[in-house]
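Labels run A, B, C, D and E following the written order; every chain starts at residue 1.
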Amino acid sequence: MAAVSKRRKKPAGSSPGSVVYVGVEKNTPVKVTRVRYSGDGYEASRIVDPSECRPDSSWPGVDWFTVDGVHNVDILKTVGANFGLHPLVVEDIGNTTQRPKLEGFDGYYFLAAKMITYEARSSKLKSEHVSIVFGQGFLVLFLQDPEDLFSPIRQRLEAGRGKIRASGSDYLAYALVDAIVDYYFHVLEEIGERVERLEDEVVVNPTVNTLRTIHDVKRELIALRRSIWPMREVVNVMIRDESPLISKDVKIYLRDLYDHTVHVIDSVETMRDIITGTLDVYLSSVSNRLNQVMKVLTVMSSIFIPLTFIVGVYGMNFQYMPELQWRWGYPAVWLFMLALTGVLLALFKRKKWM
Amino acid sequence: MAAVSKRRKKPAGSSPGSVVYVGVEKNTPVKVTRVRYSGDGYEASRIVDPSECRPDSSWPGVDWFTVDGVHNVDILKTVGANFGLHPLVVEDIGNTTQRPKLEGFDGYYFLAAKMITYEARSSKLKSEHVSIVFGQGFLVLFLQDPEDLFSPIRQRLEAGRGKIRASGSDYLAYALVDAIVDYYFHVLEEIGERVERLEDEVVVNPTVNTLRTIHDVKRELIALRRSIWPMREVVNVMIRDESPLISKDVKIYLRDLYDHTVHVIDSVETMRDIITGTLDVYLSSVSNRLNQVMKVLTVMSSIFIPLTFIVGVYGMNFQYMPELQWRWGYPAVWLFMLALTGVLLALFKRKKWM
Amino acid sequence: MAAVSKRRKKPAGSSPGSVVYVGVEKNTPVKVTRVRYSGDGYEASRIVDPSECRPDSSWPGVDWFTVDGVHNVDILKTVGANFGLHPLVVEDIGNTTQRPKLEGFDGYYFLAAKMITYEARSSKLKSEHVSIVFGQGFLVLFLQDPEDLFSPIRQRLEAGRGKIRASGSDYLAYALVDAIVDYYFHVLEEIGERVERLEDEVVVNPTVNTLRTIHDVKRELIALRRSIWPMREVVNVMIRDESPLISKDVKIYLRDLYDHTVHVIDSVETMRDIITGTLDVYLSSVSNRLNQVMKVLTVMSSIFIPLTFIVGVYGMNFQYMPELQWRWGYPAVWLFMLALTGVLLALFKRKKWM
Amino acid sequence: MAAVSKRRKKPAGSSPGSVVYVGVEKNTPVKVTRVRYSGDGYEASRIVDPSECRPDSSWPGVDWFTVDGVHNVDILKTVGANFGLHPLVVEDIGNTTQRPKLEGFDGYYFLAAKMITYEARSSKLKSEHVSIVFGQGFLVLFLQDPEDLFSPIRQRLEAGRGKIRASGSDYLAYALVDAIVDYYFHVLEEIGERVERLEDEVVVNPTVNTLRTIHDVKRELIALRRSIWPMREVVNVMIRDESPLISKDVKIYLRDLYDHTVHVIDSVETMRDIITGTLDVYLSSVSNRLNQVMKVLTVMSSIFIPLTFIVGVYGMNFQYMPELQWRWGYPAVWLFMLALTGVLLALFKRKKWM
Amino acid sequence: MAAVSKRRKKPAGSSPGSVVYVGVEKNTPVKVTRVRYSGDGYEASRIVDPSECRPDSSWPGVDWFTVDGVHNVDILKTVGANFGLHPLVVEDIGNTTQRPKLEGFDGYYFLAAKMITYEARSSKLKSEHVSIVFGQGFLVLFLQDPEDLFSPIRQRLEAGRGKIRASGSDYLAYALVDAIVDYYFHVLEEIGERVERLEDEVVVNPTVNTLRTIHDVKRELIALRRSIWPMREVVNVMIRDESPLISKDVKIYLRDLYDHTVHVIDSVETMRDIITGTLDVYLSSVSNRLNQVMKVLTVMSSIFIPLTFIVGVYGMNFQYMPELQWRWGYPAVWLFMLALTGVLLALFKRKKWM
């Protein structure tokens, strides 16, 4: 997940609506696939030419195109032209730093979202830009990477079970966003487990590394929060909008989805609170350790420094030191020193320093 | 109480509205009980078959079903079908991580809540998912665990006293939610007592354990807050909704309930403020202890290190050290050392280090 | 002032509207007094039987009853029945943990407030539950304790001067709430003086006790805030409400009262900010003291430890140590040690450690 | 500037609308001056009797009275009666702790504000209560102190230039409030300079005094914020109000004034953020200094304590210590000690403790 | 970027609407340039006399004037008079501390903005005051400094490509503001890189300088936030306003621009969160270092102080010390000391202090 600020590489003052791919450079070819379905029929997924990615009023159901890559500007332009998309929409599709948003236009909706997944190898969050354009009878899905995270939905379509086959593109859009939000729950679970491990570690064995991990988890939560907050707004606008493109029936599902986004936000906030508490425990346990170290030093010093003084006294070479000639001088000094040590130890015990 | 994030175990992209039990696995059988009452009559609680859990327009009063377990998906589906519930509602009933919410449908309301209780054994908070579906003449209560926390209400019904027998299912729903909120007060009381103990402990005898407890209480408050905040919204929506399912008369009671939820929130926030203050006192008292330890070390060192030096001087073996031959050399050194100690003690006293 | 959470002792699930006294147990008898006034006449305060506490349409002015104790449930029920109060209202009157609120019913308003006073003996805040029910021609004031904090108002009535005699029960309600808010100012003044003392103490002579006091003041401010915030809302609702029970003329006074509640809130927030700053100064001055202690330790150790080493060298008993036989060996060692001390002192001076 | 809470000295329960001077006691006489102007004419400022301070419909322009002192209750009452002011308005004029507010009455507006200035001598903020009552053809300005901070406005009137002569009392009120807000900018500038000095000091030479100054600046910002926030609301209400007393033309100027109040608030918030950052730097630099001190102590101790032990060994008086008889024992010990010192120094260098 | 508070140098009480240049003094001459374009034609940029900067209804397209300097008050007044600008607008153009705002007047809009750029030399932020006045067929751009940051827009006009040539002054205003917001992204990128460097530095090698840099970045983020927050409002008002001066078509672009401002705000907030976390890591790593230093001191002292005591014992000169005569006394002491050291080392190892 990019560290601090998503960068926008267009030169300042350049024309708005000019489509530029903003993101890590790539050379992989871009595939466009099509799935068609209606209440009665289903056409399996197949690769099509970008120019075929256009509205087709002859199909009674939904035409679902997937463009698996947004780094080929020409394809974006072709598809945009075919569906009559506003230049700004095509620009936003190509901009992988675009924040989640929903915009309604004549005849179609444009929806941008962030899919967050956990990369197994690096155990780091990965954020992927997802754009959805949908209207009467069609939906175009633009993915940043050609991974197929939405295959369960395709399987549901193929199986023909559930509500999805009988519904329009609005329900498909809902299903896609629902899958994205479901991924948030998976990420939250991972982070939740890390937080739990941290909570134990911070008490049992806090190291400098613990602090580093706390800081990392905090940043992941900030990143999650940044993606999910506008998502909530997106779903909310979909529920409120009076457009005929979103049926009343689907709005009940969107209400449920809204509830899920609130749940994610809520969990993120809760974990932020807990991680902050964990940091307090960490800092305090560092302080406690210092205290412990200092107590050992103080006890050792306070006992042996006076003793060293005493033996120093009888190491002096004065000619006239009567004690030195005493028969029991040496044992007497030992006794005195033992007594002193006892007194000091008792004192430190009472202060609970030992 | 589950630590960090309530987990939602459904695979991402799976069909919404598919009923899956989300929670700790269980094998206990699910009992469905029915209580019937009206202004005139009362039918005592008895176990019924899930298929009998359906609307019965022949009864003039209220039909109250209790399903004591949501881990049997078949029963949920049967009951859902009998009452014509939306698939998403049945899904939410089976999802024990569902946040509190209220949703109005044609002919019924769906209300999800969290019941928070203190487990006596572990002295930990326990959160239980409670779902209520109510409409004209019926109310179905879904409990996560088969404990009967609502028996006082059943007793009130049986006794036939109070407003409850003469009112509809809306009042019963109110009474159930009111009982849930009352449990919050009990939990708050427990936490309040722990906070008070902490406030004393932090001054009298702060240990690493104190910090741990502060952190635990903080987390419990976070959990409480998370359950009660949406609850307030639930009650607010019930008051505002213009549905005929909730009578004007019951709204006065809901207004009072709303007031109670605000009271809970208020207390939670106040305790959070206080616990934060307690943490400050804790940290500061750790600092103070360090200061005290360091003062002892400094006083001991500052007095005995110079003395040790002095006796070291007269422990030197130089041939020409006139002092060593002096008759009163030894007592003079002692006098000097006593004087020095006196001066240093006076100094430290003035600095209030002793 | 009750420490953390105001407790509500009713068992969960018990019938709402059942009147139970919630608070510290008491056995003092409850007195009901009546004051009557109108533009022309005034009937001095006298004790009446609870059953006489009922609306009396024969009196042209205002009938003001004061019930000085809410721990006698029977009296509350009697009065409630006489005035036709909603069971929930009577319940709230008996619940001393009730938050401030205003509720309008047919024919009367119910207003709950907290009176905050400083107990002279313990120098602690004391919170008292005050309930006011008022309607056309009557006002019933319920006090938690039989102290007469509203006697200045009674005196104004008796004196017959001012607007109060000529106005209705709405103005009397305003006057009572105004007196309550005035008490907040007095409490704020007390706290303000403590804060000022703290600000001096924290710089001149910070002790562990200072921290304790900071924490106490913080808690008092939290308690004040908790009482005054809903109070503002209460006054605001009174201004906004279109009920004929509150005349337009009185609303000008309520606007002024609203202004006062805002002033109190403002002062509380300001003091919270200042007390937080004071805590920072405290913590920092503790740190500074540690620094000072450590500097003394370091200077003492850094000077005498090397010296002790030097004298230790010449305390060694080697047979071949030429220095020991030197004529000026002893003075030379002294000179060297003095020079070393000088150098070290100069160094510490430059570092500003002395 | 009064430290914590502005005090309100009226006894609780006293009659609202009774005019009492709340503030520091004073005996200076109160002067009332009048300036009259219209598009054509201008009557220079002259002292008038309070009884002459009344509406005079014969003058076609604006009648501007200035009452320079609010501690003479009789004058306030006289003027209030002459202009038919509501008793609460007159009370607020005499209450120097009144928060800024605007209240519209029939025929006039009452506006309270705080003028904040820097006292040159004490370099402390001084807050002055300013009240403005204006209506068709008149404006009465009440000042807490007889200083003339508004003389530039009088000069503009006299010079006859600008918009002010041709406009009504609404424009004059705007001009007065604008002057007050302009003073905020001057105060902000002073504080800004102190903040800049602090930012340097905290890095170059932080002392306990630095902390004190940080705390003082913080409190001044809190005080400023408290005065300017309600001011914004005052201006906002003036813009929104549909009263004929404020012309549409003046509202454009008020919009500009609103902008200035927002600017002040913004600057105050920014400075608060910066001063908080400065506190962090301060605390951290105190920590750094402690670290430095401890390093010196540790280096000194770690080098000399082992050396002292070594020389102690050869100061022992055992009869059979072969080393003591060795010819090169003494130089060998020195060599060993030098080597040890070298190793330790190298080690500390590598740890960057020196 | 001016440190704390933008200063406003006008004397308090001076006439509003009087044009005064507020900013750093300058003597550079002010150039006024004009660019004209319409769907068909384009007139290249050329210098014109200020008096020629006036509306010209004969040109069918857009007349774009650029005044590159606001320190010449006469030119501002001339231009203001030519376009019939309100005196307050001209005042705001000359006030370089003016906050971003949008104000609609009859026939024109006034828009103030802050352009933020990174000065390459000093690596400091530079804030520049930009004012835009636009209406039907004209746009006047006032720049604080004569640098041409908007040349890409001029180039687009000249090239005649894109939407800009065919659109009105509203689109040009949008393009200018869009360019300003694009500069924010560039600044954010720079800061983002510094934050990333800081995050590494704070773990690898934290110095006092790190803290200073953290504080600096924090201040830059505060400054950015202060400029961009009102900017969002400006764009929002442009979208909402129903004025015919902004066409519906341009509003789609403004919606996109609004989205960008939200993105900037979002990134600023995220970086603030991260920089705060970085400060925590810094402070904690300072604490950790102190701990490490103290451990070394404690280990050294705890080992050698007892040893020194032991050798001191046998340095005493008592006549009767049997051990001194023992044949193996000396080796026995060494053995004992080695054993003690071993035990202590083992102990410290177990405590993980070494």
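Quick note on the criterion: a contact is a pair of C-beta atoms (placed from the backbone, for glycine too) under 8 Å apart; a residue touches a chain by one contact, two chains touch by 3 or more.
Given the structure is predicted, the values throughout are model-derived calculations rather than measurements.
The chains that touch subunit B as well as subunit E are A. The angle of the rotation carrying subunit A onto subunit E, fitted on C-alpha atoms and rounded to the nearest 5, is 70°.
Averaged Cα coordinates give subunit C a centre that lies 42 Å from the centre of subunit E. Measuring from the averaged C-alpha position of subunit D to that of subunit E gives a distance of 26 Å. The set of subunit D residues touching two or more other chains comprises 287, 290, 294, 297, 301, 305, 308, 312, 315-317, 321.
For subunit E in complex with subunit D, the residues that touch the partner chain are 3-8, 10-18, 86, 88, 92, 97, 99, 101, 103, 208, 211-212, 215, 218-219, 222-223, 226, 279, 282-283, 286-287, 289-290, 293-294, 296-297, 300-301, 304-305, 307-308, 311-312, 314-317, 321, 323-330, 333.
Taken together, the subunit E residues at the contact with subunit A in this complex read 149-153, 156, 161-164, 174-175, 178-179, 182-183, 185-186, 188-189, 191-193, 195-196, 199, 203, 252-253, 255-257, 259, 262-263, 266-267, 270-271, 273-274, 277-278, 280-281, 284-285, 287-288, 290-291, 294-295, 297-298, 301-302, 305-306, 308-309, 312-313, 315-321, 353.
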